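Got a structure for you, written out below as structure tokens; questions coming shortly.
Chain lettering (A, B, C and D) follows the sequence in which the chains are written, and residue indices restart at 1 in each chain.
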């Protein structure tokens, strides 16, 4: 974990998304899938705080990393205006990871929208280790699917709410239709909108499948110091977990879903 | 030049502090910065029992600032002593325990436990907490209540005693004088301003706690003004803070009358801020021929 | 939808006001914006005699805000009546006279003169002025003093009477309740926060007056929080302000409990702000199915 | 006077300065030398306030205007990053002007550093009306003289503090050496650092020559509403003049010089 400056190699629009690729020297800690960076997007006090983004890939040989993001407000707007050779001011890698995972379990990876980044990175690691998995990606409609980012995935199921591509329905709808026996032998890893992760967890719980989710919360420090980024812990006894320190990846049963 | 700061008969190696609540227990930052270069680490507020804090969301950015409603989440004084303090041992920075409580007794109990713990340099008392025995008004809003609390803690505390003032008062100088009379060795100035942000699509406050504390560059002019006013009111050292991002900001506080400063929100933005501010103050002193901290106080009446 | 706002038995055509001190006497902006679209123009503070104001510099930008120490520079109430009011006649916006004084008598004398002037909609009393008969503490910092001042003005004022609250107090709700008891028809909330900026190369405050009043987006969270608190304390309408730049900002105030809002610093940044905010509030009401201003107040407890 | 958006045509560095040229439609009020614009340089709250800049020229035929500025802080930094075709958000023209001036008087125009803009514009107007004038420009050293901007000036005296170009000394030093009789028949128009304008005024007063100066003060509204931009009026009786409304051009004797 450190604060540093690195160089942007490319920052290109892919459908609704931006794919930002930047240098990641070998001297830096190896990022793990699920981990994130906290980026300072401008040398100004507006925006003031860093913005967290999950790693979406790491290539040790090339010494490059990437994130996938969407424009939400001023911070991501500014980020999207950056060009190759611009400097990226980061702290990281931060947080925990999807690993370790069971290699003799069936792995189902699910991503919704901009939750794609960390799941894609996880898939990359599984591919490199020759571990089998299936990958479900959900989007509203065909046009929003960043196909060029998904092309590395061998066992891909696309879901669209409007049925314009692949399965008609959400990623969780598809999960529900998965063979129950197979689901029981599977571990599910999900990142996406809160409602999607909650629904995925409910399906998993019904089938007794382990389920891991990558949570979001507004952050200040990103390193466990400010106690700002908590989510409620299962149990309704007023306990909290810090997304940046205990997470962002949680066993879904740890969370008090609201 | 001599950057030492004297407070209550002890000294800090330099005027740079990191503000309570923004630096955890110090160790969270150890991979980012050599903690030993910091003059003083002010811990997250310690309470007698561990506290989980408020429901989330707890944070929202505002123009050049941020609101927080952490709600004093902390491990409790005992866990701090047994689990956190040992990890701070390798570093030469002073550790100042920030202390919160909802009754005078609670403050005293926390101080008592800390008295038994080696390695703590001093105490900073957060008097912005709602005083349950006085109907929820903060200890820091009534001079008499603030003075009495200070007196009681003074009897127990053998280490430097710093009272941290709230800006949300009519007359901060009156509170500062009261705690000086009560035996404080210094005052910290300022804590956060009350604030609220509403999510207009959800039609509800963003923070689950509705209101929160405003910090960051947005409040710097308030911090500088109140530091200036407090300095005119008391003889004890003033520790200034609020929105310090750069050495120039810190120098503003020193010129306004502060003997030391604290960096809060800026730690989130740039973990190197304490180092940069320290270096920048050194350069300023060299350039402006300032030999010691009190030299800063001769310029502005 | 119905954007009318009722205050003291009279109504404003819409909740958009332009804040005292940022809009001169209105006419300065007439080439930029159709003044008739504005609900209410709050004049620069009027005093009994013309005032030249403080020495310059009077203004300095701060992070997402600005400090001013204008010092109530104004043409005086008589020149206002004879020279400025006639120029406002062509416009259908309400003209609310902002009034300042250093003694109760001075406030009353200004109100008396204005009572004789046609076309004025109401009064907004700036109680942040130092009260010379009470040792310089502002009228707005002591509930009893604020209540008494309100009562006296109430006797003279036949038009809606709005008291403008200072945020630089421990308990703004107490002041609000006091002026409500004193007979105010509404309260405005908030005036500027005290602040200071120091020029570190000159080693002196930038403002000749040393301290000034902080306004702009930086203080918006404070304004929203205090509007929310004041609304909980009083039954009379609250007029919210502080850092409003966009319709979304204005809606935050309305949701927090304001019945009307004022735009101050933003007028300097974009003269079209009142129009944009008005349009944006209309759109919000349509989208969110809000039929009248009081509908805004049902969402946040 | 209005608030509007216009288009930048060029924004180029000239020695220490930037020369920003932008469209100025015929429908807009005709700018006069001495008048200024108040520019919003970013759609952000940092910087918050508009920044005032004097017109440095106006070409009615081409429908273009210009300003000359130097980077001082964040606002001018951002301004310098603007490119042709970017939008310029202005209010103006604001303030008064060097006109009317006596056309049977000798006119001496003096500019120091970034005070060049309004004086250059004034010279342009005099040239167009075929009125004679002399022009004194002072800079620290040769490298800082924006020659390409000065090339329209027929009767130019360059002064450098270090003597690397033209007269060795300040513009005021040169003024002092001007033939006293000619000075007595002259009106001086000056814009530059406070100290330069003050010194020019002192020379003029001694010779009984009228002297006009263009003052600066930090501004908020730029249109006479906030009472923020005052300078002290002659007389030490606590009276003030608003630079944006009564100025920026003042007869130097009106000012209480400090």
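By definition in this document, contacts are C-beta pairs under 8 Å (C-beta built on N, C-alpha and C of every residue); 3 or more make two chains touch, one makes a residue touch a chain.
Everything quoted here is computed from the prediction, not taken from an experiment.
Q: Could you work out which chain's C-alpha centre is the most distant one from the centre of chain A?
A: The most distant chain relative to chain A turns out to be D.
Q: Taking each chain's centre as the mean of its CA atoms, how far is chain A from chain C in angstrom?
A: The mean C-alpha positions of chain A and chain C differ by 47 Å.
Q: Distance-wise, how many Å sit between the C-alpha centres of chain A and chain D, to the nearest whole number?
A: Chain centroid spacing, chain A to chain D, equals 55 Å.
Q: With chain centres taken as the means of their Cα atoms, state the distance from chain C to chain D in Å.
A: That pair's centroid distance is 36 Å.
Q: Find every residue in chain B that makes contact with two or more other chains and list them.
A: 63-65, 216-218
Q: Could you say which residues in chain D touch two or more other chains, in rising order?
A: In chain D, the residues touching two or more other chains are 45-46.
Q: Given which chains touch which, is the overall layout a line, a ring, a star, complete, or other?
A: complete
Q: Along chain D, where are the residues that touch chain A in the complex?
A: Residue positions touching the partner: 44-46.
Q: Tell me, which parts of chain B touch chain C in their complex?
A: Chain B reaches chain C through residues 62-65, 67, 137, 141, 168-171, 193-198, 200, 203-205, 210-212, 214, 216-222, 224-226, 228, 243, 248, 251-252, 255-256, 284, 288, 299-300.
Q: Which stretch or stretches of chain B touch chain A in the complex?
A: 21-24, 28-29, 31-32, 44, 52-53, 55-61, 63-66, 68, 70, 73-74, 216-218, 245, 265, 267-272
Q: Which of the residues in chain D come into contact with chain C in the complex?
A: Touching chain C from chain D are residues 1-3, 40, 45-50, 91, 217-232, 238-240.
Q: How about chain C: which of its residues touch chain A in the complex?
A: Per the touch definition, chain C meets chain A at residues 63-64.
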